[in-house]
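Here chain A shows up in two complexes: once beside chain B, once beside chain C.
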Partner chain A sequence: MAAEVEETLKRIQSHRGVTGIIVVNCEGIPIKTTLDNSTTVQYASLIHSLTAKARSTVRDIDPSNDLKFLRIRSRKNEIMCAPDKEFLLIVIQQDEQS
Partner chain B sequence: MSDSDNKEVSSEETKGENEEENKAETKEAGQTEEKEQDSSQAETNANTNADQATESSESKKPEKKGSKIGKKLGKKDSKVFKEEFSEVVETSEEPNPDALPENVFPLFMTSKTQEIYNCKCDEDVTEENPFKFIPKSDILEDMKMRAAVCDFHPFKQQILDYPGEDVLIVYDYDFKHGQNFIVALTEEAKELLLKAPEGEEGEGGEDGAEEEEDDTVYLYVPPEPKDWVSLGSEKEIEESNVKELRRKLKVSVKRLRREFGAPVSFADRNVTDVKDGAVDCTSYDDNSFNIKRIELDKAVQAISEQVTEGTQTDWKYPRNANTQTYPREYTEDEQAALLATKECGDFVLEVAFEFHQALQQNEIMNVFYVDWIHLGDGDDVFGSKADNHLKEYQSFTDLQFSKDKMITCIQWHPTIKGVVATSVAEKLSFDQRIDNAAKVIMTPSLILIWSFADPIHPQLILESPDDIFSFAFNPTDPNHIVGGCLNGQIVMWDIAAHADRLKQQRGSNRNKKRTVLPGFEDPNALKTPIVRYCAVSSIEHSHKAAVTDIQWLPDHMQINKMGVPQENASLQCTQLLSCATDHCVMLWDTKASKLQHTAMYDEKRKTQQPSGVADTFKHLDLTWKPILRVTLSKSEPGGDHAPTKFSIQERQGDRHALTSGTEHREADVTQTMQGGFHKPSSGKERTLQGVKTYIYVGTEDGEIVYVDWMPQKDQDTGKIQSKLFLLDMFYETSKSFLIMAGVFPPNLKHHKLDIFII
Partner chain C sequence: MPPKQVKSKTAASVDRKRSKRGDGDDLTEMGDGTEQDDWMQAKTLVKPEDQLELSEAELKEEFTRILTANNPHAPQNIVRYSFKERQYKQTSSVDQLAVHFALDGNLLHKDSEEAKKQFNRMGLAETKEAEPAEGAEPSAAAAEESGGEGVPEGGAAEGGDEDAALAPATKAGGKEKKLTNQFNFSERASQTYNNPFRDRATVTEPPPRASFSSNVTQWEIYDAYQEDFEKQEKSKEKKVIPGRKEEEKSKKKFQISETSSDDITRVETAAKIVERMVNQNTYDDIAQDFKYWEDVSDEFRDSEGTLLPLWKFSFEKAKKLAITSVCWNPKYRDLVAVSCGSYDFMKQGSGLIILWTMKNPSFPECFFETDSGVMCLDVHPQHPHWICAGFYDGSVAIFSAVDKRDGAIHRCTAKNGKHTDPVWQVRWQKDDADNNMNFYSISSDGRICLWTILKNEMVYQDVIHLSLPDISAEGPDGIKVATTGCGTAFDFHKQKDYLFLVGTEEGKVHICSKAYTSHFIDTIDAHNMAVCWNRFHPKIFITCSADWTVKIWEMKDTMDKSEGADETRKPLFSFDLNNSVGDVAWAPYSSTVFAAVTSDGKAFVYDLNANKYEPLCEQMVAQKKKTKLTHVEFNPTYPIVVIGDDRGNVTSLKLSPNLRKMKAEKKGAPPVDEATKVQREIEKLEKILSMVRNQPTEATA
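Right, the complex of A and B next:
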C-alpha cells in the first residue's frame, strides 16, 4: 500500500479516542482493519448496509444529491463512515467525555 | 193292500177328479188354475207311458193322500174330504218332481204342535233346513195326550208301526204337497225324503230322465221365467231417472246494445254498508272431515354439522428453516491487492480530511453536552464534583538559589503547616557533571525550606556537600533532616535552632512590624539563615552511587544487625533506609553505639563544631556506618537491580505491630524527652512478630523486586544472604519504564501493590 495512504490512516488513528479503522470494498467485504476479525466482519456488513440505505434515502429526496459522510453517535462511541463508489472507510471513536 | 186298493180308488178318484175338475172349472177357476195347467200337462202326458207313469206317480201321491183320507175319514166322508183333499190330491198331482215318495204324506202342523215338537216354521226349520227329526216317543205321547187333536192322529197306526225311533218331518215351505210339513212314515220314505230335497229334483230328474230315456221323443220345455221379485232396485232407478216434474222455465236476459263496449265506471262500496257485503268463510274444525293425511309433503333441508377443521399446507418444495451465514472474506493477498489499487489510495486521501474534522470536533467539545443541566453545578458548596484540573497555587522561586536549578526532591514539613522543603540541584547530565567535576562547585548544593507566606525568600537554607537527590524529614523530630547525596553519602541536618523561624508563617514583614529597639536589632533578621550539615556518613561505607531514595523507619520498630525487627521502645525514628543505584539498600542507625556513646562525651569537650552547627549527630560524623546492607542481585548474571525507589510495609504512626506480639510494653516517655539518639540500644527489645521484613524495590530497569532484609542462611552455600524475589507481572509491561515511586500497601494480605509509573 502506498506510504502516503498508510500514513494518512495512521494519522487518523492517532486521534484521541479512535478505537478502530476499517476499509471495506463495495461488496461489504473488509479489506483493511485494525480490529479483530469477528468485530470487523460485523461492522463491515452492518455499516455497509446502513450506508447504502442512507445513500438511497438522500438520493430519493433529491436525485442530484449524494451521501457524503455518515456519523452515528451512540452513548459509548461514534461511528463515522465515508462512502465512495467502490470503497467505504469506517472509523470508530470512543467517547471519553461521557 | 190297502195301497193297491187305494190305488184303484185313487185312480178312480183321480179320474173322477179329473172329470170333476173339468166340471168344476168354472167354480174353481181361480183355485184350479194351476190344476188346469197341471191337468193339461197331465193330459198331454196321457198319451204316453208317461201318462201312466204320471198316473202312477200321481197315483202314488194321491194314494198316499188317499190313504190319508181313507184312514182318517173313511170312505163316507170321502167326498167332502175329497174335495178338500182333491185339491190337495190335485195339488199333489203336481209335476213329477214334486211327487211324494211312498209312505210320505203331507202333514199340517198347527202352531201348537210346532211348539211342542220344536219345529216352528221359519224358526226351527227353515226352507234351507227343512228336516226335523222328531222322536217317536214324543209323538206317541202327544197322541195320547191330545188324541184326535194331535196332528199326527191320522197316522197313528203308521207311527206305531214305525220301526225307527225318529220320525222325519220335512218342512214344506212352498206348500208343495198341500201342507206345511211332510212326514215320512217309513224308514224307506225317510231315506227317500232325505235324499229327496237334494235329489227331489234329482229324483224327479231321475224319474224324468228315466222317463225321458225311456221315451225317445225329446220334448223341449222352454224355461219358465220366474216371477220377478222386487227387491227395491227399481226404486233406485226411478230415483235416478230425471223426470220432468214441471214445465221448463225459459229466462231471457237482454242488454241494451249501445251499452256494449261503453266505458264503465266502477264505484266503491263500503263493505259494512251492505249486510252481505262481505262473506266470511272462516276456517273451522270440521269433525266430519276425516280424511287422513297419509302422505305429507314437507320441505327438507340438509344442514351439515359444524365441523372444525384445519388445513395445513405441505411444503413440497424446500424452504429455509434456518439460515446461517458466513461472511465473505478476502485472503491476505486479495486484501493487499485491493489496497494497493490507485482508487483505494485516492479514496482514503480524499475522505481523510473529513475524518479529521469530525474527530477534532469530538475532541474539542462534546456537542451533546447540555449546559442547562450542568448550569448550577459550580454553585454547590459541598459535594460538588472536584475539579480535576491542577491550578498553580503558588510558586516558589529564589533568584539567587533556585534559578536554573533542577528540583530533585520536595517534602512537606511534618508538623508545621505551609512549610515545604525542596532540594535543588544543578541541571546537568551525568557527562556534564564529569566534565565539571574538576571545577569548583560554583553554587553550593542546597535544600530550600519555603513557607507559603513568603514565595520569594526561602525561610531556611540547608547546605550540603553535594547535590541532594533525596531527603526526608524525621517524622518524630522534624528538626532532623537526612538527605542522600549524589556521591552516595548520607547527610544529616539539625535545624532546631531555627525552628521558631519556620513557625512564623505570616508575612515576612513580621520582623519589621515588631518594634525593635534600636541597638538590639538582629543583623541577621532579614537574611535567610544557612544551616550547615551536622553529620555525613563515612564515605567508604556509604553508597557508591547517588542515593535515589531515603526513608526513615517507623518509630515503633528498629532493626538490629541480624535484620530482626524489634520494638523501638523510644518511639522515635532513629533508623533509616536508603537505596542507591549501586544495587544496595542500606539501613542506618542514628543512635550512637555504646562505644561511640562513651567516647562521645570524651570528645565532646575537645572538639567543637563550627558555629551554628548542632552537635546532635556529632557521633556519626564521618564515621557513620550502615547497620545492614542488602544487595539486590539478579539471579542471572548481567548486573544487579539498581533500585530507584523502595517501600516497606510498616507505616509511621501505625503501631499495630507493637500490639500484635504477646506482650505490650509501654513506651518509655522519659527516653523520648531526652532524645533517644544518645542512648544506645539496650539490646533487650522484644522482637516484633507481625512485621514483614520485605522491602519492595523498584529498579532502574523497570522491574519490581522485593527483598527480605533479614538475611537467612542459604543452605547450599552457607552464606548469609537476603533472598530476592522478582515480581514477574510487572516485568513485561513496565520494562521500558523507570520506577519513580512505589507505595507499599498497608494491607499486605491481598498482596496488591499500587505502583505509579511515570
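Right, the complex of A and C next:
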C-alpha cells in the first residue's frame, strides 16, 4: 500500500512541469516535501489556511458538501491542493508554454 | 481658759529664751526644766563646748519671727506646663493644707440608701425598742444638756414622741419595701476560659489551566450531528448482533492497526486526485479537444470525416505485448479495460490486464500481471468491478478491480474445466436465478463453456461442443474421429439473451441458442475473426476476417437447413479493406455506423447511411508503420474510439461530426425517448437494407 502511494508521488514528481510536492498534516505542519525548507514552510502555512477557508465556505453553503480540490492558477505556475481527512497534498506545476 | 492660756504663754516665752541660748539638742532638757523650775532650785548653766560666743549686743538683738498658717512642707513653686501658652507656668496658689491624721469613719447619713436599708433590717427591732428608746433618749438628752444646755425636757420628749410616731411609720414602710425587694439582686459573672486562636493555612497547587478557543461554523455542527447519528446507528446494530464484546475487540484491533500504519498510505486518495490534476494540466490541450473540438471542415466535406488522435496510453510493461481485447467500463465512462497478450504462437510470455482512465493517461489506474497471455476480457455490465479474462493457456479467471489482491479472485485449473486451447473470447451474462454471476468462454478446443461463480469457486459447464459433422479426419487406425471446430469469436444478441453467434476458424459462423447444446440454429459460411451483432437491428450482424473483408449479414428467421440455401447465403454488404482486418465494431449511437481496423495500421469508419460502398474515414492511426491494429471499441457515451495495437499501445481518437451523424430531430418536436430512437435507427437501417435486398447479388469491392 505504502509502496504504491510512494510510486504515485514519484510519478507526479517526475511529471512534466512539476516543481514540487508538499504533504501537510492537519495542523499545517509539512511532513514530506521535495522543496527547500523555507519555501516549504511558506507554502504549507499559506495554502493550509486558504484551503481551510475554502472548505469552510463550501461547507457553510451546504454542510453535506465538501471540498474536493483547489486549484490556483497564476501567471507563472499552478498550485493544486487536494485536501484529505488528515492530510493536504500540494503540488506546484509550471505552465507548459511559459 | 485662763489656766491653759497661761501655760501656752509661758511655754512661748520659754521657747524664746531657748532660741537665744542656742540650737543645740539639749533643749528638751530645758523645756522640761521649765516645769521643773519649781522642783529644782539650783540651776547650773552648762555650756556646750561648741556654743557660739556672742556679744551682749548681739544677745539682746531681737529677731522677729512671723507665724503663718502656711504649711512649711508644701512646695512653694510648683510649675505646670501650660499647653495653651506652651510654656511652663507657675501655679499661683499652692494647696497649704497639711493632713496630719486621717481616719475613715463609718457614719451614714440617715437618708442615704444604706441607712434606709439598715433601718429596714432593724425595722422590727425598732418598734420593740421604741418605748425604752423613748425613755432612754430623754434621759440621754438630759444627760447631755446637764452641763448648761437650755433645751427643755419637753423638747426631748417631743423628740421622743416624734420618734415614736416615726417608728411605726418607718416600720410600715419597711414592711412594704420588704415585699418588693424580696431578693437581693446581685450580679454574678464568671468568665470561661477563652481558647487562644491560631491561624492555620495551606496553599494548594493551582489546577492546570489551558486556554481553548474555537470557531463554530454550520458545518461543524452538521459534522457533530452526523457523528452522533452514526454512533447511535452503531449502538443499535450492536444490540441486534449478539456477541458484542468480541466484535468490539476486533474493531479495536482494526482501529489500532489502521492508525499505526504508515502515514503515507493515507494520502492515497489525495495523491490520486493530484496526479490526475497534474496530468490534466500537461495534457490540457488534449482534454480541451476531447471536450470541445469539432472538426469544422466536416461541414464542407459531406461524406468524409476524420479521427482526431487524443490520448495515447502506453504502459512500460505492455510494450512487448499486443492488445488482445478492449472493453469499456459500463459504469465509469472514462475507464477502459485492456488485456495484453501475444498472438504469436512462438512468443508466449506473461500477460497484463490494465485499466486505463482518460483522466490519467500517463499511468494505469490499475493493472494485474498474469503468467500467461490474456487473450480476452470482459467487464460485467452490472457489477463493473468484475472482470473476466481468458488466457492463452486455456484457463479463465476473474479479477476484481476493487479488490487490491495481486492476482485473480478465481482461476480455474486443469481439473476444473480449463480449456485445452487458448480462450478467445469471454462474455458475461446476466446473473442467473441464484444471483450468481456467470460468463461464457469460447476456445479453439471447440468448447463453449458456461462458468458460474459460486461463493468460493468457479464451476463450469460445457454448453456446446463445436463439432464438424461433415468433415471428419482420418485417425491413425482409420477410425473416423469427429473433429472439433475451433471457435474464435462469439457475440450474444443484444435483445434476445439466449441467442448468440459463434465464429470459427473454419470459416463458419454458427447461430446458436443456449437451449440447444449440440444443434446450431443456423450456420453461415463466412470467414473467421470477430463477430458482432448490430446494436439496434435484431437481425443484422457483422463479421470481419483475415481475408481482408468485412461482411454484414442478416439472420434468417426459419431454421431451414434442408433448403441448402444456407451455404450459399450471401452477405448483405461486403467491404474489402486491403489488409487483414483485426476487429470491427458497431457504433452505439447509430445503426449504420461501424468501424474496422486493419493490420497496416489503418482505421476505417463506415456509415451505410451516407455511403454504402466507401468508408467515410480511412486514417492511419498507428505510430510506426509495422504496427498492426488489433482491436477497436466505441465509447458508449463519448464520441471516442479506442484502438489497440500489437505494441501494447492504446490510442484514443475522437470522431468528427460527420462520422457521428444521427437523425436530426425536427425543431419543436417533443423530446425523443430511447425506444423511439431505437425505432428510428432500425428504420434507417431497414431502408438501406431494403435497397440492398432488392439486389441480393450485390457484392462490391
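Going forward, the second predicted complex is superposed on the first by the 96 of 98 C-alpha atoms of A that agree within 3 Å, B and C clash if a C-alpha of one lies under 4 Å from a C-alpha of the other, contacts with A are read in each partner's own complex, and residues count from 1 in each chain.
Basically, a residue touches a chain if its C-beta (ideal position, glycine included) is under 8 Å from a C-beta of that chain, and two chains touch if they have at least 3 such contacts.
Keep in mind it's a predicted model, so treat the numbers as computed, not measured.
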item	value
Touching partner for A:91 - first (chain B), second (chain C), both, neither	both
Which superposed partner A:45 touches (first chain B, second chain C, both, neither)	first
Partner chain(s) touched by A:23 [first = chain B, second = chain C, both, neither]	both
Partner chain in contact with A:31 - chain B first, chain C second, else both or neither	both
Common ground on chain A, meaning residues reached by chain C in one complex and by chain B in the other	1-2, 4-5, 8-9, 11-12, 15-18, 23, 31-32, 68-69, 71, 78, 80, 82, 84, 86-87, 89, 91, 93
Touching residues (chain side chain A, partner chain B) in the complex	1-2, 4-5, 8-9, 11-12, 15-18, 23, 25, 27-32, 37, 41, 44-45, 68-69, 71, 73, 78, 80, 82, 84, 86-87, 89, 91, 93, 95, 97-98
Chain A contact footprint on chain C (complex, rising order)	217-219, 221-223, 261-275, 277-279, 281-282, 284, 362-363, 404
Chain B to chain A touching residues, read off their complex	327-330, 335-336, 338-340, 343-345, 347-352, 354-356, 358-360, 362-363, 366, 368-369
For the chain A and chain C complex, residues of the former touching the latter	1-2, 4-6, 8-9, 11-12, 15-18, 21, 23, 31-32, 56, 59-60, 63-64, 68-69, 71, 78, 80, 82-89, 91, 93, 96
